[in-house]
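Letters A, B, C, D and E name the chains as they come in the text, with residue numbers starting at 1 for each one.
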Amino acid sequence: MLELLQYGFMQRALMAGIIIGILCPLIGIFLVLRRMSLIGDSLSHVALSGVAAGIVSGVYPLAMALVFSVLAALGIEQLRKKYEEYAELAIAIILSAGIGIAVVLISYAKSINVDLFGYLFGNILTVRSSDMRLITGLGILIIMFVKLLYKELFYIAFDEEGARIAGIPVKRINLFFIVIIAMTITLSMRIVGVLLVSSLMVIPVAASLQVAKSFKQAALLSVVIAELSVVSGIIISYYMELASGGTIVLLSVIILLLVIGFKGVMQKT
Amino acid sequence: MKKLVSVKDVCFGYENELVLKNVNLDIYEGDYLGIVGPNGSGKSTLIKIMLNILKPSKGSIEMFGKNIDDFRDWGKIGYVRQKATSFNTGFPATVEEIVAANLFSRIGIFKPITRSHREMVYKALEIVEMEKFNRKLIGNLSGGQQQKVFIARALVNSPEILFLDEPTVGIDLDSQREFYGLMEKLNKEMHITIVMVSHDIGVITEKVNRFACMGDSRLICHTNNSHLEITDILKEVYGDKMNLLIHRH
Amino acid sequence: RNDIDKQSQVMSGEGNPVVYASIYPMYDFAKNIGKDKIDLRMVVPAGAEPHDWEPTAKVMVQMEEADVFIYNGVGMETWADNIFTTLANDKLIIVEASRGIDLLKFHGHEHDKEHEEQDEEHDEGGHHHGEYDPHVWLDPIRAIKQAENIKDALIQADESNRDFYEANYQEFADKLKALDARYKEALSNVKRKEIVVAHAAFGYIADRYGLEQIPVSGLNPQEEPSAAKLVQITQLLREKDIKYVFFETLTSPKLSEVLANEVGARTAVLNPIGGLTQEEIDAGKDYITVMEENLETLKAVLGE
Amino acid sequence: MLELLQYGFMQRALMAGIIIGILCPLIGIFLVLRRMSLIGDSLSHVALSGVAAGIVSGVYPLAMALVFSVLAALGIEQLRKKYEEYAELAIAIILSAGIGIAVVLISYAKSINVDLFGYLFGNILTVRSSDMRLITGLGILIIMFVKLLYKELFYIAFDEEGARIAGIPVKRINLFFIVIIAMTITLSMRIVGVLLVSSLMVIPVAASLQVAKSFKQAALLSVVIAELSVVSGIIISYYMELASGGTIVLLSVIILLLVIGFKGVMQKT
Amino acid sequence: MKKLVSVKDVCFGYENELVLKNVNLDIYEGDYLGIVGPNGSGKSTLIKIMLNILKPSKGSIEMFGKNIDDFRDWGKIGYVRQKATSFNTGFPATVEEIVAANLFSRIGIFKPITRSHREMVYKALEIVEMEKFNRKLIGNLSGGQQQKVFIARALVNSPEILFLDEPTVGIDLDSQREFYGLMEKLNKEMHITIVMVSHDIGVITEKVNRFACMGDSRLICHTNNSHLEITDILKEVYGDKMNLLIHRH
């Protein structure tokens, strides 16, 4: 454990992991309950098309990726209204559109030689000090956001129409929420990797949903599970010489399976 | 008497056919308004239009004297929609959490739920006799228990006007009786205005002090309570055979 | 800090400098120059897709102790930037092997000489925006310059073996010159000039030996060519009666096969040496031998 | 139009496109209505880990990809039961697990030297004659399957519990369905590309849901919209020199937006 | 009289607490069994166990003489679940398609729906007076209309036994009357066995010929119709105040 912490990149990986482990499940729970589990994967593909557009038009690609992601998120919000009962359909549509645009732009430009994917796939081991500041800033922003709007986000997730009639400014909160999500996903996936961001938003939440006895518990438990996966994942991946991102994700999946299995056993007896 | 809601010349149709044709309706402070009518006659549609969930194609709604689009004071309104229990049963929320969420207009944005709010929740749950279930997951309750929770959610705010779309659906007799008793008390003692859609005409005719009957895309009648009159009107709407089922308690 | 220093000495064996090379050609060049005096490792496992490729923490720790890191540059290794900025290794000598080399711009499949010259100044900035062709190592003459960059770095890291590295470099440079001579001779009077390749990896060879590269995909092998492009190439194949369509060892040959089928041509391997397979390495192949294989293929195909 | 058809690969692209344009929306409508819109994207990532596993273990990678996909599909089916109300969560979990395994395997094996993505990303222009036979076979299989089990699949999609009590062998049909889906997706994405397969399963269905007045209509209309996108996509991509797959997808998105816009206008008047 | 369903010594609890404790119940051919009881007393749970949707932790179910796990003849069973209308309202299916789907056991696997089946659908819709809505999307109906469609879906098969969990919820009076009339006809003339959960005790006591009352995790009573007796028992279950609300039509 100590050996591991000698190195700056390992310290930063752990720190970034711990922050991401709070941030992802905390927004993930609202996303999952609103059937937007796959928004991370969807926005990452849109970001890809943003990078391509940036390269084609000569604009700084990451900025373009951000713009595209936020626009896509707003698009998802619009489409969600058209498919009230099928929010995940909106995600799927935007995902397809994202890849479609990327592919067409690449073929249109004809000489894009930037490994586009490289723009998206961060890695928790290559977090820089400047990234740390960004991730910490995002972390504080999100935690504040969720803390301040906790009861409103909860009500909207449970019953959007009801929330509106309770006087909650649903439209504005939704807009704000989705924009923050898009920014968080786009920026943090570049730092710690899209795999990690989108998985940590979903799998710990799924595990906590199996056992949680209240919404608050579900939120807290998912953070605990995420942190467990992150910390043990970084340690295990170090000693077994495996990719850290993948190991963390697989650990969270294993925790999920254990929780499901444990619950099954409990119910039988 | 203050006019709380005013439906003015409202028309509405989902696709082509009009469901509401030039409906006019005023609701005054202290009213206990029962809305009846056959299935598909537009009762729920009318409620939704009053609450700005649907927009009328013609006409306008005034709520507490303001045009509904400019109305902000939603804490004054309680609503139990039809099929309230038709939510996502996998949602991991306790009864308490659900009821507390409706305290929004009391608490205000950005602020947390405090102990005193939790006591209000507890009181609302007591009213529907669900206080023992406060920490249960809403999805793990029986259908009738869920309905009671949604009634508590509408009451927690101490609203000035309650819109209830078939609130007693799936609720057992004893609880129904308590519920109607409570409504009477809220209305008579606390001067809360109540708008209730129900098929339970027997009870409705007994309890309400005003009465609206929908049919044929229109508000057919709209009278103050007078049993004789109502029976005649109901016969007109539902047909002659109707008589049999009207009973008073 | 002291503990770490000790540890690093233990790790680097008998005090040989620890050298990391990004991709196979860099690895091969460094090996020819450093031979047994360096502790050489390749970063990206042979042929792995860079965007699934995640360095493990162990590799990162080892790179903290490394002395030299060699990479091709010109946007070939997008992951590299991240690694440099992450490592706290002050003594690490980082070599962009393509530094100071006149690069070719990529413009679809027609070349535009004027642009190339104008753009040379920008190269000094060292930051490439992707319009440059990164497959520098495939031109033996430019490869010499790459080898020189690598040699200089090794000397900087390990002054004591300066002569050893210089000698090896000379030897390797001679081999590359000989390779160049063979290419020149063999390709100077071939019947055809057109090579139809899977992706635009052979721009530097084409440039050096007066061939015309017709890439099916662009610089990025993942790019999906348009139908119009395929039609153009089909027409070109028919017009010029081209008999071969090349494919690569590391990417799917499907596109090349479809084109070849369309006009009744055959397919053959032209290896861009971005990475060798384990089998190839086990069979004793290296940069020079594969370049020679490529030459044999080119001779056979273009001389027909 | 005629010019285009001179070339064998264009003929095959059109033929394959037309078949895929029937097949994808036909299974897509059941998937969308069961909240499994993103199964295509999910299984493609699992197939990736299958390819990696095949390479590591020395088994023919495509076979391994198929095995992994089918197993993952069965996994989704199992998880779906745990998250009855959140079927899309099962998809998201399997997707993350798929990439996680792929990344870990790659880092574990250290010398995977085949381009993994080449195994997944077909391209409608590179369809070979042997592929045509496979795709036609799959097409006939799926159409038969949907035709024969139409009313059962419909009932299950609408109300699984009800279907069971109506005596429909829900478990077996679900199993059969999910296995066929997994096979179809894995094999056909290799031929025409994962982008095309997963988009055509979702977007035409989304468009038809906007206007359909019955289930049958929704199914037929989605096929019509898919065919429209495919045929015009191939033609347009040819003349505008764009990537065919991306163009088809973008066209289907445009049709979707037109349908939504048109519906909006109709409702206003 | 043939025994159609036999619940033997069944125990069941969702988490820890038992909802059903050693419940025994036999249902015979021709029965019209009413099940009443307060909210959360386990009525729906019992029905679900009978239909093999939930597995009892103890005891067993026999359906038409077979253990429920081996029972295959589902065409003989009709079921309207509680909150039937709580489906995905975005589902693009017409009323006709939904009702026709339940004809599965008539048609058989792999076979298409023919004209004669469509006529059966039409008839079932006529029974609930929804034949005019046959081509409407189910999500576009009013709550009560949807409930009627689900009743039609249960009837379309001409089942031998009907399980109805609060079937008249949200249905207007006139239609309720027709519905109860129909149930009586099905039961008396066509000898269809009916098991109905309802809170409408007034109607239930009037119509059924057998009666089960749940409370306190047990089947408290289980008698053949005899009004006096029932009233006493109900008082026991619901408490004394109950009396007021029991009414006969």
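Just a few scattered comments:
Going forward, a contact is a pair of C-beta atoms (placed from the backbone, for glycine too) under 8 Å apart; a residue touches a chain by one contact, two chains touch by 3 or more.
In this text the structure is predicted, and so the values were computed from the model without any measurement.
Comparing the CA-atom centres of all chains against that of subunit B, the greatest distance is found for C.
Averaging C-alpha coordinates per chain places the centre of subunit C 37 Å away from that of subunit D. Measuring from the averaged C-alpha position of subunit C to that of subunit E gives a distance of 74 Å.
Chain centres here are Cα averages; for subunit B and subunit C they lie 74 Å apart.
Here the spacing of subunit B and subunit D, counted between their Cα centres, is 45 Å.
Counting partner chains per residue, subunit B has residues 88, 90-91 touching two or more of them. Counting only residues that touch two or more partner chains, subunit C has 52, 54, 56, 222-226.
Multi-chain contact residues, meaning those touching two or more other chains, occur in subunit A at positions 83, 86, 103, 106-107, 209, 241-243, 245-246.
Pairs of chains meeting the touch criterion are A-B, A-C, A-D, A-E, B-D, B-E, C-D, D-E.
Here subunit E touches subunit A in the complex through residues 88-91, going by the rule given at the top. Within the complex formed with subunit A, the subunit C residues making contact are 3-4, 50-52, 54-61, 64, 75, 78-79, 82-83, 85-88, 106-108, 129-134, 218-220, 222-226.
Residues of subunit E that touch subunit D in their complex: 51, 53, 72-75, 77, 79, 81, 87-88, 90-94, 96-98, 100-102, 104-105, 107, 109-110, 112-113, 135, 137, 153, 157. Listing the residues of subunit A that touch subunit E in their complex gives 83-86.
In the complex of the two chains, the subunit A residues touching subunit D come out as 32, 35, 37-38, 41, 82-83, 86, 88-89, 91-93, 95-97, 99-104, 106-108, 195, 198-199, 202-203, 206, 209-210, 241-243, 245-247, 249-250, 252-253, 256, 260.
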